[in-house]
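So that we are looking at the same thing, I have put the structure below in structure tokens.
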Amino acid sequence: MISIDIEIKLKAYHGRQLLRIKRQFSTGSITKILGPSGSGKTTLLKIIAGLSAPEKGKIIANGVTWFDDQQKINLSPQKRNTGFVFQNYALFPNMTVQQHLEYATNDGAWIKQLLQLGRLDGFTDHKPDYLSGGQQQRLAILRALAIKPKLLLIDEPFSALDSKMKTLLMDELKPLIKQLGATTIIVSHNLQELEAFEGEIMDFEALF
Amino acid sequence: QNIRVAAAANLQPVMEVLQKDFKQKTGITIDAVIGSSGKLVAQISNGAPFDVFLSADMSFPETLFKNGFAKEKPVVYASGSLIICSIQNIGFENWERLLLTARVKKIAIANPAIAPYGKAAEQSLLDKGILDDAKPKIVYGESISQVNTYITTGVADIGFTTQSLVKELGDKTPLYYKVIDPKAYDPILQGIVILKHGADNPAAEKFYHYILSPAAKSIFKAYGYRVQ
Amino acid sequence: MDLSPIWLTLKLAGITTLLLLLIGLPFAWWLSRGRSFIKIIFEAIITMPLVLPPSVLGFYLLLAFSPQHGLGKWLHNTFDVQLVFSFPGLILASVIYSIPFMVGPVKSALQQLPGSLAEASYTMGKTEWQTFRYVLLPNIKPSLLTAAVLTFAHTLGEFGVVLMIGGNIPGVTRVASIAVYDSVEKMDYASANNYSLILFSITFVLVIAVFVFNKYQAKGPLA
Amino acid sequence: MDLSPIWLTLKLAGITTLLLLLIGLPFAWWLSRGRSFIKIIFEAIITMPLVLPPSVLGFYLLLAFSPQHGLGKWLHNTFDVQLVFSFPGLILASVIYSIPFMVGPVKSALQQLPGSLAEASYTMGKTEWQTFRYVLLPNIKPSLLTAAVLTFAHTLGEFGVVLMIGGNIPGVTRVASIAVYDSVEKMDYASANNYSLILFSITFVLVIAVFVFNKYQAKGPLA
Amino acid sequence: MISIDIEIKLKAYHGRQLLRIKRQFSTGSITKILGPSGSGKTTLLKIIAGLSAPEKGKIIANGVTWFDDQQKINLSPQKRNTGFVFQNYALFPNMTVQQHLEYATNDGAWIKQLLQLGRLDGFTDHKPDYLSGGQQQRLAILRALAIKPKLLLIDEPFSALDSKMKTLLMDELKPLIKQLGATTIIVSHNLQELEAFEGEIMDFEALF
């Protein structure tokens, strides 16, 4: 279980805005985050992964304190073991599909399984520049899964995929997440897109 | 009224005095450009706008005259005297032996190809029969000025330079030196010419005559040059 | 013609480039990560050799290296090392002289990489060093090559500093740029021309090679 | 102390920077648009002064400018213009010497702008010139400033070329870097130190100013 | 009326693919282009706007030849008067919202009207960096409309907008396009997104 109780300062043109987020994510649950552009969705994911720090508050995951401003604890992202799918994918231009997964894990069988899941087994020697937008997005998802994370953070997962591919991928992703037992947080500004996932909804609009 | 005088680097200390004296006598300002004789000749040959050239030897100005860059044949205005010196008091009684000891790491001389004082230094080493043995310790200055820099900053332990340096430094910086026996090298006969650029300039003519006048000669003498 | 100045120059440029790869890469990495006042100052300092007159640099090095006082004296007394008129001194001067050519381009290239690349690597449990080695460095290869070649070529062309602290010693400090100057002063224009042509050719080939390589890199397998 | 070398240097650097803004910007623009073989060659050629020994550059300029032969002779006979040992000659040499400092950064900055910016402007009916003036140039202001300041500072530090073709004539070609060298040779270390300090200060302030300005620019109004 | 009959060579990792497009767009019509990522949708729009050239063929708009490889005609983009909404927006970082529109047109009343349409009247002095993703996309649409184009090319128009804003904008865009009498081509890989627009569908998938 992950419990979060933090304050974030968002920078906007006309001054700063304070956002208070207090919520618990139970182990293995799926939470869908909705909210308008610029409302702080990506920022929240980065804070959970340890890539930025909130102004104040605490993050505790399965009894381990990841962040606490008063105790001055801020666990490095390396130690949090979160799978992160970036909004802009953040693929490594120098690595092929295969190398991306090998960089993340040594488990060859697992890599094979992932490649099939993402329909990328025909593209193992392609670098990101020679993948279509949709293929890139799928590789980003596979790479995040490769480390077998206990916490999966996915930012705008299907925006570059056409509907056929989207349905296909979602259907295969669900059992996999269950199998890993990963707590999952998915961000999107398109509610329809996440219909296939059962889970709670966290609407950022309500926070303002 | 200005004239531009190209002067061999060994004259640098004495030039300042000559400039002041000449200005006082005639009101003419001298812009002095200092460098090794050879470098100045190369510049003059490529069109440098100098009016008068004071060389450290006779052959450089003769070349200029031959190639049509000078108004007349050069005449001697002074003859120079070579010293060996250091800012350390290491004793020069047996300088030819001293140079080969471990005490001396670097010996500064001017580039013999373009600086007559450098040529004289090399001849002196040859005369003592130690040129080959000293060679690994020799560093070459672009002109006698750079040699002076190397000596006075102490980056070279010993150097061969002009006697006028001694007068220049006076009591400010202690300098230990010995005049090299003039028999050890060909006489440093220093020649002057008016250049083509200054041919029609009466001020250049005035300066030329001034340098050959008794007033200038006594200044040269004070700085260790020999004059007729 | 005496070719030793050319060899000496190539040796000097090669060693300097190697040293600067060792020193410059970590330094560029440090500079590329975030901006603080201290980093701005450091960056300004290493940019100085790019814009300072070589004669000024040479003058200060002459003072610093002189065995009569300060650093030079200490080096001389402690290690019996002399930095003026010596090849090691030229190497040190070259490293100072060329450092902006190595650090500048590498730093800019690292900065232009999206921050999310390193972040992605961190979430995968990779250390900073692994991230630098396997993710950052391979993705700035063209800039790295450009920086190395420019460093090499710039060292080939070092002149003012060597004129000040080198002493024109054949085989030790008489590098090619000095040989050109020396030949011109002697009015030995044929030698000056030969040295210049050799230097010009090496530089030209290097520069063209980098551009062509970078063009190829940028375009990739689609050509 | 005689301050004329400092003024002369500032004048030379100022004029050179202005000329290079006029010549360099259009040239950088041309280079930034697409890559062809001819552009690679041109780019290599203007990169040469960055890496060539100043003495080599100075040697070729001396040959070209000398009234004894070729171009220099023709200029001398036809227009009575002499480029060696004259201020106009120094300006021309400085323009050649500093051109990579202006063109390189501006070209890279223009290339790094997304191509769609110009495309968007074209679909709005704007000419290439309007697009360059109102869309491209304003969006590379920090690079433009960096380039101008580096050009200025690099010209301040010109030494080898001036030593070759300038001839150290007071008030005409004796710029600050030469004055430092000259003072050192005269053993007037106080003057050498003063000139060096002045140059160092100007350069340091300029470089810091650019970094701070660029930092401010990059961050924008959110600070 | 615009008639297109061209051949495009698409560059892909495993060689080149030839695409033949032959179609007429009647004046004032709306055409929706669908197709998977990497199928050439953006490429087609750029060719119509004159920003790239096809391999072969002809483009004729209202009797004027815009492109003809045999007659070697290729009208510059400046002369085609097309409003182009770029997939990545292509906003000018140096200009405020107001300046973007002033760069495109001198008609002050028209600028006011556009600002209201895009709900950007409160942001006239903001530069793109200080607009949210959705606001940026709206500005891109307004700028394309500002030149009162006869041909409007819109690439992925609503991907960054949340559903509320999307509906709002579409409702207002439709009458405006009618008023301008512009022939419109809209690209998306999400068919649902374009439901509100009536018009023909051109499916790129069928071309392969």
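Think of it as A, B, C, D and E in the order they're written, each chain with its own count starting at 1.
FYI, contacts are C-beta pairs under 8 Å (C-beta built on N, C-alpha and C of every residue); 3 or more make two chains touch, one makes a residue touch a chain.
Per UniProt, the chains are A, E = Sulfate/molybdate ABC transporter ATP-binding protein; C, D = Molybdenum transport system permease.
The structure presented is a predicted model; accordingly, all values stated were derived computationally and were not measured.
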If we look at subunit B and subunit C, which chains touch each of them? D
In terms of CA centroids, furthest away from subunit E sits chain B
Quick check for you: after a Cα superposition of subunit A on subunit E, what is the rotation angle, between 0 and 180°, in steps of 5? 180
Please find the two chains that have the most C-beta pairs touching each other. C-D
By mean C-alpha coordinates, which chain is most distant from subunit D? A
If you average the CA atoms of subunit A and of subunit E, how many Å lie between those two points? 32
Between subunit B and subunit D, the Cα-mean centres are separated in Å by 37
Subunit B to subunit E: how many Å between their CA centres? 80
So how far apart, in whole Å, are subunit A and subunit C when each is placed at the average of its C-alpha atoms? 43
What are the residues of subunit B that contact at least two other chains? 45, 149
Overlap residues in subunit D, where contacts from two or more other chains coincide: 62, 184, 221-222
Of all residues in subunit E, the ones touching two or more other chains: 13, 130
Which stretch or stretches of subunit D touch subunit E in the complex? 114, 116-117, 119-127, 134-135, 138-139, 141, 220-222
Could you pull out which subunit B residues touch subunit D in their complex? 4, 9, 12, 31, 33-35, 43, 45-49, 143, 145-146, 148-149, 152, 168-169
Touching residues (chain side subunit A, partner subunit C) in the complex: 46, 49-51, 76-84, 86, 88, 90, 92-94, 103-104, 127, 129-130, 143-144, 146-147
Which subunit C residues qualify as touching subunit D in the complex? 35, 40-41, 43-44, 47-48, 50-56, 59-60, 62, 112, 150, 153-154, 156-160, 163-164, 176-178, 180-181, 184, 189, 192-193, 195-196, 199-200, 203-204, 206-208, 211-212, 215
Tell me, which parts of subunit B touch subunit C in their complex? 36, 38-39, 41-42, 45, 87, 105-106, 108, 111, 113-114, 138-142, 149-150, 153-156
